[in-house]
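What follows is a single structure, and I will ask about it in a moment.
Note that the chains take the letters A, B, C, D, E, F and G in the order they are written out, and that residue 1 is the start of every chain.
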C-alpha cells in the first residue's frame, strides 16, 4: 500500500488538510464549519498520512499519543465553560473580549470551547482509527 | 530549512486564499498557523527544492491545459460515437525523474490528461506503468511522454 | 417533497429494522447506521424544511430577517451525528473483537449468555 | 456578460460531466472507465466552479473556487492511481482488445512490491 | 412496654457477638431475658387493657402502638413463661455445641418478634413482627444447615408461611383502607362498616389465609411436621407453644372486628374441623415422637380454629382455656422428647421403652403431660376438654362427634409420645442411659405440674387469665366459673367415652414401620404432594416462559420490542390519525430532487440486499452522499459537511475492520424474511404516516426566532447553527465530545486489553 | 444559593474523568484519586439535597440563556435524591473497585469511565431539557458499553452485542420521539413543553410520541417485553461494574419515565393503564426468570427487572402515595441492588464461581459476613422492616385505593417469588456444605485475594448495608422526601414556573 | 429564460442525469472497483451540483461544502483500494 505517489501526495496534503481544518474550525462561528468538522478533517489528514506511510511514521510525526488530546480538549472546553463561574455567572455563559481580532472575529469562551471540541474530535477519531489499524 | 520556510510561505498564502483576505494581518496569522503545523509534522521529510521558475511553470501549465482539452475532446468523441476506436494497453515508461516529488507530479499530470492513467511506479522508481487508451505504437507513446510531460516538468523542478 | 422525504425516512427505518433482524453482525451494524440516518432525517424534516436559506446571518446584517431554515434541528442532528459516529465506531470494533474471540459473524451462535 | 460566461462555463462543465458519465457506462473495461472519467469530470467540475466564481464575482468566492480546483487536481489522480493499482492487483481483467500489458507478472503477491522488469523470480507474481 | 419489647432484640444482637470463653454460661444466662419479661408483664397485667402509643413512622400507616389486654397477656405468658422453661432447657441441651450462641440469638429474636405480634395494635406493625417470626423460624428450622432435609423443611416452612404472610398483607391493607385506620382497636370500633363493606369477603379471606398457613391448617399443615428437623427446643417453642399459635392469635384478635358472620364462622369451622380430625388421625401412624407430636399439634390448632369458628361464648371460652392447656402439655411433651432423644439418640417409640427406670422425673413429666392431654381428671386438660364438648354440644351432634373422635386420637398420640417410651421393660442398649442435668428435666416437669395445678385450682387463672382473654375475644365479660366438676351430664359422658376409647386404642395401636409406611404411601395423594406438584408445575411454567422470551436470539428480542412498539403506536394512530393532507406537504418535487431521492432509495435497497459486504458499505457511501445533497438542498451546510466527513470516516472504519471478517451469511429468501420484512415495513410505514401527520400541523418557532435574532447580537456569531452548538446549547456539545472520548477509550481498550488469565471471569 | 451548585454533580465527575485520563498510564494514582472524587461527590450531593429537600426547586440556565432558549438544569427533590443515591452507590463501587479491579482493567480506563458514567447519570437526573437528556443518555450508554466489554471476554462480548443493539435501538426510538415532539411543539425545554402539551390541540400526536418514549425508556429500564438485553449481559462484567449497572442503569430509565411522563404525558388514561399492565408483567416476568436461573448474578439481574415493575406500576397509578412508593422503592433498590452485586462479587472472590451448583458453605466459614449478606438479601425481598418493605406498603395502599387488583396481585406474587429465590440462594450458597468442586489451587489463589483487599471490599458492602438499614429503620426522613417528591410530580406547576420565570 | 432558470432547468437536470448514469454503473458493477470509482465520481458530480445550487440561491456557503467534498472524498477511495488489496492477500 505504500506507493510512492500516495506517500508524496500525503506529505503535501497533510499540512494542507491541517491548515484547512484550522480554517474550518475558526470560521465556524460565522460560516459553516466549526470544531467538529475541523477536527474530523484534521484527523482525516493524519489518517491519510498513516495510509500512505504506515502508522509508525504517523505516530512518530505526532509525537504524542492522539488519545492525550482528549483530556486536553475536554479540559479546554470544560474550563471555558467553567470560566464564567469564577465571575459568578452560570456555567457556559459566553464571556467575550471587547476587541475584535482579525480572521477570527470576536474572541470569547465560545472560541476556546470550539477549540476544545476540535481537539477532542481529533483525539477520539485518531485513537479509534489508529487502534483498529494497529490491531489488524 | 529553506524548504520549510518556503512551504510556510506557501501555506500562509493558501491560508489567505482560503480566508479570502490578503491583508497582512491575515497572512501573518496564516504564517503563524502554518508554522505551528509545520513544527508538528517536520519529522521524517525529505528536502524538496522550492525554487520557483515562473516562466517554465506558466508554459507547463499552458501545455497541460492544451493537453487536457485536446485529449478530453478526443475521448469525448470516442464516448459519444458508438464505435470504439481505442487500442488500450499498459505501457512501462522508463523514468528519468528521480525524486519522489518529480515522479509523483509526473504521474499525476499524466493521469489528469485523458486517455492515460498512471497505474503505479515500480518499487525501485525506475519505471512508471501507464494505462493508455490509444497505444498505436509503444515507443512513440513512450517518447511522447518523455518529451512532453517529463521533460517540461523536470525542467521546472530541477 | 415532504411526502417523498417521509417515504425515505420510513424506508430508512424499515431497512434499519430489517437489517438488525439479520444474523450477520455486520448487517446489524449497518442496520443501526440506517436507523440513525433515518432519525436524523426525521428531525430534519420535522423541523420543517426550507430551500436555499441556510441559517447564516448575512455579512452586512446583525440578525436574520429573511425566512430561514430552522437551525435547531440542524444543531441537534450535528450532535446526534457525532454521537452516532462514536457509538458506531465502538459497535464496529465490538464486531471485530467478537469475531476474534467468538470466531463468528453469526449472531445466532452468540447466545451462551442467555442460558440460565 | 457575466450571465453569458456563467451559461457557457456551466454548459460546458455539465457537458463534460455528462460525457464522463456516459463514458463510465460505455467503456468496456475498468481501466478505461477510470481513464475516461477522472479528468472529464475534473474538467467539468472545474468549469462549473468557474461559473460560480464568475457568478459571485467576489474575491472571497474566487479564491475558494481556486482552492477547490486545486484540491481536486491534487487528489483525483492519486485516487485514480490507488484504485487502478488495486484493481490490477486483485486481477481485474483488461478489455480483450487491449494491445499490451507491461505490468503483467511484475507485482509480488506477498510484498506488494512492483518490479521494473520481467526477470523477477517466478513465484508469487501476479 | 416498648422497651420491654425491644429488649429481646438487643439481647439477640448481643448474643450474636463473637465470644471466646464462657459461651455456655452466656447461653444459659440468656434465660434471664424471658424470665425478666415474664415478671415484667405479670407485674403490669393488673392494668389491662392498656394502650401505649408510640409513633414510629409518620408517613407510613404504621406505629408501634402497643395494646396489652387479656389476649396479649395469655400469649405473653406462653411466650415468656414457656419461653423461660425452654431457654433454660436449651442452655443445657446445647451445651458445648459450636453454634449454641447462634441458636439462642435466633430464639431470642424469635421471642421478640412473637411479643411484637401479640402486642402490636397496628396491623402493619403486626405484620412486621409476623414476618420476622417467619424469617427467624426459617433460620431456626434450618439450624442444622449442613443437613439437606433441614434445609428443605426450612424452605418449605418459609414458602408456606411466607406466602401466607404476603397474602395476609393485602388483607391488612384492605382492612386498613376500608376502616380508614390501621389500629386494630379502632377497626373493632367500626366493625359494622367493615363487615358491610363489599370487600369484606376478600379482606377476611386474605387475612385468614395468612392465619391458617401460619397455624398449619389443612391443606397447608405439612410444613409443620417437616419443621421437626429443628433442634427440639426450637420445636417445643415454635411449633407447639408459640409461633403456630400466632395464626390463632390473629383470628382471635380480629374476631371482634371481622367475626360473627356466616362467612367467617363457616370457613373456620370447616378448616378447623377437617384439620383437627385429619391430623389427629395421622398422628396415630407415626413412630417418631416428634412426628407424632407435630401431627397432634396440627390437630390441636385445628381444634382452636374450630372453636373460634363456632364463635359462641362457650366456644370462645373453650378456646381461651385450650390455648393454655395445649401450650403447657405440648411443650412438656416436646421437651421430654428432646431429653429422650438427647440421651438415647433415638425418638422411635417402637424401639423405646422402660426409660422411667433411668430417668424418673422425665417420665413423670411425660405422664403428667399425657394425662393433661388426655383430659383425664384432675388435669387442666380435663377442664379444657369439657369446655370443648360444651361448646360443640350446642352446635349439633356432628360437630360433637368430630370433637370426640379427634380427642380419642389425640389421647393416643399423647400417650404414645409421653408415656410409651417410659413404660415397659428397659431396652438393653439403654442401660447406660442416665438422667440429664436438672436444667433439662426440671422445665418439663414444672410445665407438666402446672397442667395439674391449674386443673386442681382453676381459680388461680380464672380471673387473671381466662376472663380477660374471653373479654378480649368476645367483647363481653366472662361471668361463669372454671371448675373441674360440672356434675353428671352429657359432657362428662363424652369425656368418659374419650378417655376409655382412647386408652383402648392406645393398647391396640403398636407403632411400627409398617404402619408408618402405610401413612407415608397414603400421603401420595396428600396436600403436600399436590402443592408440591403445583409448585413444580409453576417451576416448569417459569422455565418455559423464560425460555420463550429469553431465547438467546437477538432478533426475537428485537421482534418482541418492535411488535410492542408497532402495536401500541398503531393503536394510538388508529384512533387519532386523520391522514389528511394540506398545502404544507405540497412543496413541488423538482427533477434533481427526485433523482437524489431515487438514488437514496435504491442505495438503501442495495445496502439491504447486497450479497457483498463491501458493496453494502459502498452503497452506504452513496446513501450518505444523497443525504448530504438533501441537506444541501434544504439549507443545512454544516450538516452536509459533517455528514460527509463522518461518512468518510465510517467507510475507513468499516474497511479496516471488514477484511478480517468471514463472508456474509448469504441472504437466502426464507419465510423469516417475509416476517421480518412485514415488521420492518409496518414500522417504517407508521413512521412515515406519523411524519406526514406532524407536518400538517403548525409549529411554534419562537425559539428559533430568538436564535436568529440574537445569535450575533448576544452571542457574537453569525452561523446560527454553530452558535447553538457552542453557546445556546453548548452543554449538549460538551457532553457530546465526552461521548466521543468515551467511545475512543472503548475502542482502545476493547482492542488492546488482554486480560491475564487470573483476571478472567468464568 | 448559587445555582451553579446544581451542576456541580455533573462537573465534578467530568473533572474527575479528565484528570484521571490525564493519569492514564498510572492506575495507582487513578485508584486513589477516584476515591477523592467519589467522596466529594457524596458531599456535594448531600448539600444539594439539603438545599431542595423542603420542596424548593433550583434552576440553572446554562450560558445564562433563560428557558426555553438555553439548556436548563433543574434540581428538585427527585433529582437531588437520585444524585445523592448515585453518589453513594458510586462511592461504594469506587471503594470496592479500588481493591477489586485489577491492574489490567485499571490500565485501560476503568476509573475515568466510572466517572463518565456517573456524570451521565447525574446529567440525566438534572437535565431540564429533552434533547440534553438524550445526550446524557448517550453518555451513559457509551460508558456502559465500554465498561461492560472492558476485558473483552467471550461472554462479555456476546452479552454486549445484545446490550449495545437494544440500547441503540432505544436511542433511535427516543430520538424519534424527540423529533415528533419538536415537530409538533417546537420546543425542547421540559417545562416549556409541559405548557405546550397542555395547549396543543393535537393530543393524538402527543399520545403517539408518548408511546415512542414509553418504548425507548421501556428498553432502557428493562420492562416487559423489552428487557432481554439485561439478563444477557449484566452478569458478564466484573463485579464492580455489575454493581453499578445493577443499581443505577435501569433506574435512570425509570427516572426518565417518571420525569417525562409526569410532566408531559400522564393525563392520558390509556398510558396509565398501559404502565400498570406493563409494570405487573415486568414484575412477574423478572421473578420467573430469576426462579429458573442458576447463576447468582443472573438471578439478581432478573430481580432487577422484576423490581422495576414496582416502580413503573407505581408511576402508572399516579397517586401521591403510589408515586412516593415508586420513588422510595427506587431509592431502596439502588442501594440494595448495588450492594447485592458487590456481595456476589465478594462471593466470587471467595469461591471462584457465580454458579449455584458450585457454591456452598459460606455461613459456617464466614458467619458474620453472611449476616451482612443476609440483611441485604432480605432487604431486596422487602422483608419488614428492611428497606424494601415500606415502599411496598405504600404501593399496596395505593393499589388498593385505586382498585387495581392486578397490581396488588403482581406485587405480592413478585415479592413471594423474590423471597423464595433469596431463601433458596441462602440455603444453597450459605447453608449447604458440599465438598469443594473448585480446583484447590484456584481456590487458594482466590482465598488469598480476599484478605489482601478485605477492608475496602468490606467497607463498601458495609456502607451500603448500613444505608439500607437506615432506609429500613429510619425511613421517616426519606419518606417525607418521597411525599414531597410525589407532590412535586403531581403538581408540576411549581416546576414549570420556576424554570420559566 | 433567466440565467437562474437556465441553471435550474437545464444544468441541474443534466447533472442529475449524469449522476443517474454513474449510479447505474454503480449498480451494475461488475467489479467492486467499478463501484468505488462510481462513488467517487458521484461525489465529484455532487460538487458540481452544489456549485450550481450555490449560484442559483446566491449562497456561497454551499461552496464550502464543495471544498470539503473535494478535499476528503478521495480518502474514501483510498480506503476502499486499501481494502481491495489487503483482502486479496488474505484470501
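We take it that contacts are C-beta pairs under 8 Å (C-beta built on N, C-alpha and C of every residue); 3 or more make two chains touch, one makes a residue touch a chain.
Given the structure is predicted, the values throughout are model-derived calculations rather than measurements.
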Q: Note down the smallest number of touching-chain steps it takes to go from chain A to chain E.
A: 1
Q) Going by the contact rule set out at the top, which chains touch both chain E and chain F? A) A, C
Q) By C-alpha centroids, what is the most central chain here? A) F
(Q) Farthest chain from chain B, going by the mean of C-alpha atoms per chain? (A) E
Q) Taking each chain's centre as the mean of its CA atoms, which one is farthest from the centre of chain D? A) E
**Q.** Selected pair, greater C-beta contact count between C-E and A-C
**A.** C-E
**Q.** chain D-chain G separation of Cα centroids, rounded to whole Å
**A.** 13
Q) Roughly how many whole angstrom separate the Cα centroids of chain D and chain F? A) 57
Q: Indicate the whole-number Å distance between the mean C-alpha point of chain A and the mean C-alpha point of chain F.
A: 36
Q) What is the distance in Å between the mean C-alpha positions of chain E and chain G? A) 70
Q) Among the residues of chain G, which are close enough to touch at least two other chains? A) 15, 17, 19, 36, 53, 61-62, 64-65, 67-68, 71-73, 75, 78-80, 82, 85-87
Q. On chain B, where are the residues touching two or more other chains?
A. 14, 18, 21, 107-108, 118, 120-121
Q) Which positions in chain C touch two or more other chains at once? A) 16, 20, 25, 28, 38, 42, 46, 48, 51-54, 56, 72, 76, 78-79, 82-83, 86-87, 89-90, 93-97, 107, 110-112, 114, 116
**Q.** Chain pairs that touch, as defined at the top of this document
**A.** A-B, A-C, A-D, A-E, A-F, A-G, B-D, C-E, C-F, C-G, D-G, E-F, E-G
Q.
Quick check: in the complex, which residue numbers of chain E touch chain C?
A. 546, 550-555, 558-559, 562, 584-589, 593-594, 597, 600-601, 604-605, 607-608, 613, 616-617, 620, 623-624, 627, 630-631, 633-639, 642-643, 646, 649-650, 653-654, 657-658, 660-662, 664-665, 667, 676-677, 679-681, 683-688, 691-692, 694-695, 699, 701, 703-704, 707-713, 718-721, 724-725, 729, 732-733, 736-737, 739-740, 742-744, 746-747, 750-751
Q. Inside the complex, what are the residues of chain G that reach chain D?
A. 3, 6-7, 10-11, 14-15, 17-19, 21-22, 24-25, 31, 33-34, 36-38, 40-41, 44-45, 47-48, 51-52, 54-55, 58, 60, 63-64, 66-67, 70-71, 73-74, 77-78, 80-82, 84-85, 87-89
Q.
Could you list, by residue number, the parts of chain D that touch chain B in their complex?
A. 16, 19, 22-23, 26-29, 31-32, 34-36, 38-40, 42-43, 58-61, 63-64, 66-67, 73-74, 76-78, 80-81, 84-85, 88, 94-95, 97-104, 106, 113-117
Q | Of all residues in chain E, those that touch chain A in their complex | A | 637-638, 641-642, 645-646, 648-649, 652-653, 656-657, 660, 715-719, 721-723, 725-727, 730-731, 733-734, 737-738, 740-741, 743-745, 747-748, 751-752
Q | Touching residues (chain side chain C, partner chain A) in the complex | A | 54, 56, 78, 82, 86, 89, 93, 96
